[in-house]
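Please read the structure below before turning to the comments.
All chains are identified by letter, namely A, B, C, D, E, F, G, H, I and J, in their written order; residue positions are counted from 1 within each chain.
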Amino acid sequence: MITSIILINTERTKVNTVGAQLAAIQGVDEVYSVSGRYDLIAIIRLKNIEDLARLATEKLSHIDGITHTESMVAFKKISPEDIAGMFDLGS
Amino acid sequence: MITSIILINTERTKVNTVGAQLAAIQGVDEVYSVSGRYDLIAIIRLKNIEDLARLATEKLSHIDGITHTESMVAFKKISPEDIAGMFDLGS
Amino acid sequence: MITSIILINTERTKVNTVGAQLAAIQGVDEVYSVSGRYDLIAIIRLKNIEDLARLATEKLSHIDGITHTESMVAFKKISPEDIAGMFDLGS
Amino acid sequence: MITSIILINTERTKVNTVGAQLAAIQGVDEVYSVSGRYDLIAIIRLKNIEDLARLATEKLSHIDGITHTESMVAFKKISPEDIAGMFDLGS
Amino acid sequence: MITSIILINTERTKVNTVGAQLAAIQGVDEVYSVSGRYDLIAIIRLKNIEDLARLATEKLSHIDGITHTESMVAFKKISPEDIAGMFDLGS
Amino acid sequence: MITSIILINTERTKVNTVGAQLAAIQGVDEVYSVSGRYDLIAIIRLKNIEDLARLATEKLSHIDGITHTESMVAFKKISPEDIAGMFDLGS
Amino acid sequence: MITSIILINTERTKVNTVGAQLAAIQGVDEVYSVSGRYDLIAIIRLKNIEDLARLATEKLSHIDGITHTESMVAFKKISPEDIAGMFDLGS
Amino acid sequence: MITSIILINTERTKVNTVGAQLAAIQGVDEVYSVSGRYDLIAIIRLKNIEDLARLATEKLSHIDGITHTESMVAFKKISPEDIAGMFDLGS
Amino acid sequence: MITSIILINTERTKVNTVGAQLAAIQGVDEVYSVSGRYDLIAIIRLKNIEDLARLATEKLSHIDGITHTESMVAFKKISPEDIAGMFDLGS
Amino acid sequence: MITSIILINTERTKVNTVGAQLAAIQGVDEVYSVSGRYDLIAIIRLKNIEDLARLATEKLSHIDGITHTESMVAFKKISPEDIAGMFDLGS
């Protein structure tokens, strides 16, 4: 399982249509229109990096109105219990 | 219910400890260490903007090792069905 | 009640027309043409985040001549009395 | 009467104390903690540019914990009626 | 009396024509073509902020070939004698 | 005669003292504290580029509290009459 | 198998020592000192994203002298034959 | 032998076709589509700087759909044994 | 004698033609295509600032395919013997 | 023979000393203090890329007071005659 977060800018009149098309793609779990420098944030969950490659370089490119994307691949989901392990780091 | 996404940079040796402390805060749903320009992404879900204010300007500031944050407030969660409504926009 | 401040750039000949159209939108309290890197600043006051979503992703997109926006959601209005409460923070 | 908007960044633990000290300065009408790239936005209303000079280069500098400011001077408050006058511009 | 400095970029073939048109506007005291990241710098001196508003958002927008402007409003002209007064600041 | 414009940032508490020290340097014609991303703008007029070199790399470096400078050398002062000559350019 | 490229900046005197320490980490295939805005580029090849997480957020943080990193995860290695498949995309 | 790494952005629909055309050029060893701010990374290995000049300013310019490139020339491939030599540096 | 260095970006297919046209201009001593964020660097040597003004704002603007320039004026050529003089600076 | 141009920023009081130390390094042909965003520009000419590696990652790091460098490697010196060859490019 691989998680990716994508920060997206769109043409001004297409925030909601781009968002809805994104949300319809398999593997796109959540899409939010957001305040700030970006227009949309998409949270992606897919089986492996090959599926993510297909989504990022092929499926997204079919959506009209996207002007900029910056994708981040999650290395790891961090939980509160990870603090314990942390103390080993400096030793 | 209000959703917020926070892009976070930390001191180099504290990615995981900052992440674990974040994950322990009430309202912080998910924390990921990520590739790219940021170190961590936190997804926050809280009842209202007052709770978000408290988290963003007070609780986060107690975590040692955060060097930069950029928060985004979700305007709306977009679903595939939102496409239909879109066509009304231009009319 | 939710407050939002939007930093806006427009096409060079449309600062005033964009400003006037913004000022006519319900919930847009104040619009200023300003010195510096931005052309206009709008101060928005609306009942809730759903209204703000509608304004930011739909109503603004109907105004011709906007080239860039960066919105900020106010977490909290701060008053001088908040200093007292501050001293509790470190304890 | 002159209006100025100031975008402010503070040390991480001082968003609220800086905000409260700002709010206590004469001429500072509103101070908000905000989402996004800045920590605080202050809206200033003063009689003239000399008062603004004093606030921007002297009074602000006495507040401990401000790391960055970017001030904008309002040229003009724009109202919906300004649209009419706009049509003259191109003629 | 209000002083403003404007940093200007123009289309590559129009540095001198934009500069000459700027120099012909009432209140524009000096215009220089310059080395570095900007093409022109204009120094403006006008009676009040209303005149500056008119120049910045209306008159400049009639000049063809300007691609970017960043205006700064002078708070105060500083003279060597201001050093004396400075020592009072910390007291 | 050579003209140079310098955009200056200072430590927060030293805008006015740096400005006053700058204004006392021979060849520094005008110093303004300004709104926006910079703290001070200095307008320099000197006999030749050697004098400017001395001012920029030696005299300025003796002033405590400057954190950043960006200097621009004026190529030419542009006057309204330069429009006429412009029409020759394309021929 | 997952490939990652990391752009690295180091303290000025530590380009080579940081590079050598990086090169000694298991999974770090190639390290180059480079011209331009970055000091080092590391090419990483590891079995899975968990190993990459460990390298990026733990092992790198033990190397003294790194001031900035920006990691990219390879979606896919592209070969010349991929052109054929491309023509299907628009259909 | 000279090694160069090129960070590439492409038009949104052309990541894979640009990548495949790049991969077909002699001297282009590896091409990856990547997460983050860039679309593609190419690793080039050529006999000398003249060949690299030809690739960078001529061959790349024949590929349609590239919007931005930033090339880095490898000074040196660093190996773990370089640590020893490092200790001489300070002496 | 005045020396200027210009950092230049060109349309992707025109690096060499722009470079050759630049190299043919009187006063342009050296032109290099370069790695990194810029496409070309030109080193200019002219008798005085008026000649440089003409080159920067007129002659360069006749060359088709330049998209961006940033010029720097050399204050002074520094030689190893300048170290001696340096020790006087602090006195 | 390899040519490299390095854009350099220094601590404010060290522009001239850093410049003189640079100028004393073998292979450093010219050093200029310059207007604009950078403090110094160095033009390097060395026999091969190994010598350049040594200069960039070892010799420069011994000079105290450098805060930032960005090096560019010259692909090719362009001469006016290169225009002829250009016309072949499109054929």
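Criterion: a contact is a pair of C-beta atoms (placed from the backbone, for glycine too) under 8 Å apart; a residue touches a chain by one contact, two chains touch by 3 or more.
Note that the structure is predicted; figures quoted are calculated from it, not measured.
By residue number, over half of the contacts seen at D-E repeat in one listed pair from A-C, B-C or C-D, namely B-C.
Centre-to-centre separation between subunit D and subunit G, using Cα means, comes to 43 Å. Chain centres here are Cα means. That of subunit B falls 35 Å from that of subunit H.
Per-chain CA centroids place subunit B at a distance of 27 Å from subunit D. For subunit F, the set of residues that touch two or more other chains comprises 13, 16, 33, 35-37, 53, 56-58, 61, 70-73, 75-76, 89. By the contact rule set out at the top, the touching chain pairs are A-B, A-C, A-D, A-G, A-H, B-C, B-D, B-G, B-H, C-D, C-E, C-F, D-E, D-F, E-F, E-I, E-J, F-I, F-J, G-H, G-I, G-J, H-I, H-J, I-J.
Put simply, subunit H touches subunit G in their complex at residues 3, 5, 13, 16-17, 19-24, 30-38, 40-41, 43, 70-83, 85-86, 89. The touching residues of subunit F, when paired with subunit I in their complex, are 2, 49-50, 52-53, 56-58, 61, 73, 75-76, 89.
Within the complex formed with subunit H, the residues of subunit A that make contact are 4, 53, 56-58, 60-62, 66, 69-73.
For subunit I in complex with subunit H, the touching residues are 12-16, 33, 35-37, 39.
Contacts from subunit C toward subunit F in the complex involve residues 35-37.
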